[in-house]
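Below you'll find a set of structures to go through.
Two complexes, one shared chain (subunit A), two partners (subunit B, subunit C).
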Partner chain A sequence: MKIHIPTPLRTYTGGQETVNVPGSTVSGVLAQLTKDYPALQANLFTPEGKLRSFVNLYLNEDDIRYLPAKEDSPTQDGDELTIIPSIAGGYCCCR
Partner chain B sequence: MAIAIEEVTLPKLTNEEISRYSRHLILPEVGMEGQQKLKAAKVLCVGTGGLGAPLALYLAAAGVGTLGLVDFDTVDASNLQRQVIHSTATVGMLKVDSAELMLKGLNPNLNVIKHNTMLTSANALDILKDYDIIADGTDNFQTRYLVNDACVLLGKPNSYASIFRFEGQASIFGAKDGPCYRCLYPEPPPPGLVPSCAEGGVLGILPGLLGVIQATETIKLILGIGEPLVGRLLLVDALGMSFRTLKLRKNPDCPVCGTHPTVTELIDYDQFCGIEKPKDLGPLEIAQNKAVAEAAVVDGIPQMSVQTLKKKLDAKENIFVLDVREPHEVPIASIGAPLIPVGSLAARIAEIASHKNDEVIIHCRSGARSQKAALILKEAGFTNVSNLAGGILAWADNIDPSMPKY
Partner chain C sequence: MLRIDYADYVALRAHGEETYPHECCGVLLGKSEAGVGNSVRALVRAGNTRTDSAHNRYNIAPVELIRIQRQAREQGLDIVGFYHSHPDHPAQWSTTDFAEAHWLGCSYVITSVEKGKAKVTNSFLLMGTEEDNKKFHDESIEINMAAGAGNVSQENLQESKA
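Up next is the complex of A and B:
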């Protein structure tokens, strides 16, 4: 499925705005994403492996925090995942 | 949804105003009553920079009766790439004064209230309380959280927009039954992960685009028309020219706007964001822009002055200077050091492994990225790494005045 990569993280995906990553759940897709692009790991996850709180993940239009299964929500090929970091003017929380 | 503007007695419009706003008046969605609502409205623009400039201009043009402007800063030439409310003639002036000139020139009917101050926990509630809508156009996380919390505590809608490079976000926070900023981002990022203003860079038009979106949302709230971005996050990607909206939910456990709020008064936002209090240099932004580390050692990395580096270079000491900026910065100004951008440094350490025990001095533009790079090298076992405090900007200021500053 498609993952939308925010500008500050595109340096780690070779400049790509969208990448295609297989997986059957959100967490499965993310695991594959960080396997394909290892530099994303530190930006998206804490050392303990939790998603950083100032990074939001949307499955299609929905924030995964509010989906019943959260990170374990099932995904289909046509779905899109969007990563949205906290931004404020010249600042961004990840690079 | 509309906001609670006193509808009891809306101010009358003069003949001059009726003539000025004719294009609004002939729209059924605005009409006389809508224009009167605009005249009665009081909007506070927090920041008169990239976002605040188009925002304030369009609100003034639309006939908003009272505009408050909060800004402590002065106009700098580098602002003019995007802050269209200022001009070459006002470089050096206080931004609130400069903005007022342009705003009153556009619309003399406007009542401008200037707050030449930094918004803090001590003054925010007092400043915000007299306005109907707050439009946040600031460029740092502390103020974002401060404005958000103050708006929720006061029950005022917050017309939010933020930008970074080519992307922007917009929403309305703090509306009744709507989410607030903390529902979206409960915690700020730790400062270690935040690059300085200078590294971000921004396409000048981007805050223009988002600032007008902010103004649009503000006007919709005043007039009570259309569907304001309550419960929606607009994502703008200027490079792809794509606009998407995502659903934002009010978090019932939100510490500020939830059912059992734990934040019932403004907190110390510097502490919340893990930022050290600004010293005598003044407001945090200025302290960071002029990033001259006063401490001799930061996080275990010695800070070297440009004067010391110059001495070492002149004495042809056996040092290795590394530039960690991006390739496109080198043609602007360079001291001739080899380049490995900080983002690729970890992956390219092998290229400089022979210098592991040499005296290594790292520089970037202002000293922030090079500090990060120094930590990366120290982690990788380099034994003698220093950060050039103030970066190439300090070099231009103190050693080579012919060098352009950017």
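Up next is the complex of A and C:
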């Protein structure tokens, strides 16, 4: 399936904006992705192996956190997975 | 260095004035060149989903980011940065800004808006190779004036307007 890589992570995919990775579930696809591009591991997952809290994953148009099977959601060849880090902030405690 | 057209620079500052006393936010589309920096080609306004605390927080919905990223792709551009405002607070990154910054290599532009008027605009480049070693670096802004008018640094522009 096709995976869309956000700007900051393209350094680790040889500059590729999209990569094709096989897999039958979201977690399986991610495992293959980090196998193909090992430097992505530390950017996507904590040392304990959990998906970092600021990493949003969308399977086609759906946030996987709201899918019944979450990361175990099944995938098909024509699906697209988008990795999108969160963007937030605000004043409060300026330097 | 962040390069941006004068019209876009004015537009992002105006956005902060329009949403005052709430924070505005948006996305910078353009190109990133090694050794040169980020160049802005288009500005996309985004909605602030932090309606519970919009005076001191902002958040762009991931689904809106995906739409903007798709739009960038169609235009042959990339997301190269973000902007937001600090109503009645300095144009400096906060601990919240830093904690919530995850787009390494992107420019984070902050405009202070005092009593409804945009004052200082600063840019900070998020550097590092992963979350654990990220750092904000002060980044100069070069403003591209209309064709034939040359470029000016942001400092000179603000001084000339003071």
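We adopt the following convention: the second predicted complex is superposed on the first by the 87 of 95 C-alpha atoms of A that agree within 3 Å, B and C clash if a C-alpha of one lies under 4 Å from a C-alpha of the other, contacts with A are read in each partner's own complex, and residues count from 1 in each chain.
The rule is simple: a residue touches a chain if its C-beta (ideal position, glycine included) is under 8 Å from a C-beta of that chain, and two chains touch if they have at least 3 such contacts.
Remember, predicted model here, so these are calculated numbers, not experimental data.
Asker: In the overlaid three-chain picture, which partner chain does A:T7 touch, first (subunit B) or second (subunit C), both, or neither?
Answerer: both
Asker: Quick check on the superposed pair: does A:E17 touch subunit B, subunit C, both, or neither? Answer first, second, both or neither.
Answerer: both
Asker: Is A:N56 touching anything from subunit B or subunit C once the two structures are fitted on A? First, second, both or neither.
Answerer: Both partners, subunit B and subunit C.
Asker: Of the two partner chains, subunit B (first) and subunit C (second), which one does A:I84 touch, if any: first, second, both, or neither?
Answerer: The answer is both, since A:I84 touches subunit B and subunit C.
Asker: In the superposed arrangement, does A:Y66 touch subunit B (first), subunit C (second), both or neither?
Answerer: After superposition on chain A, A:Y66 lies in contact with subunit B alone.
Asker: Let me check the overlay on chain A: which residues of subunit A are in contact with subunit B and also with subunit C?
Answerer: 6-8, 11, 17, 43, 52, 54, 56, 58, 61, 63, 82, 84-95
Asker: Can you tell me which positions in subunit B touch subunit A when the two form their complex?
Answerer: It is residues 49-51, 138-141, 144, 162-167, 169, 184-189, 193-202, 233, 235, 237, 239-240, 244-249, 343 of subunit B that touch subunit A.
Asker: Any idea which subunit A residues touch subunit B in the complex?
Answerer: Contact set of subunit A toward subunit B: 6-8, 11-12, 17, 43, 52-54, 56, 58, 61-63, 66, 82, 84-95.
Asker: Touching subunit A in the complex: which residues of subunit C?
Answerer: Those residues of subunit C that touch subunit A are 23, 25, 27, 32, 50, 53, 56-60, 62-63, 65-66, 69, 73, 78-80, 82, 84, 86-87, 89-90, 92-106, 108, 130-132.
Asker: For subunit A, which residues are in contact with subunit C within the complex?
Answerer: The touching residues are 4, 6-8, 11, 17, 42-43, 52, 54-56, 58, 61, 63, 82, 84-95.
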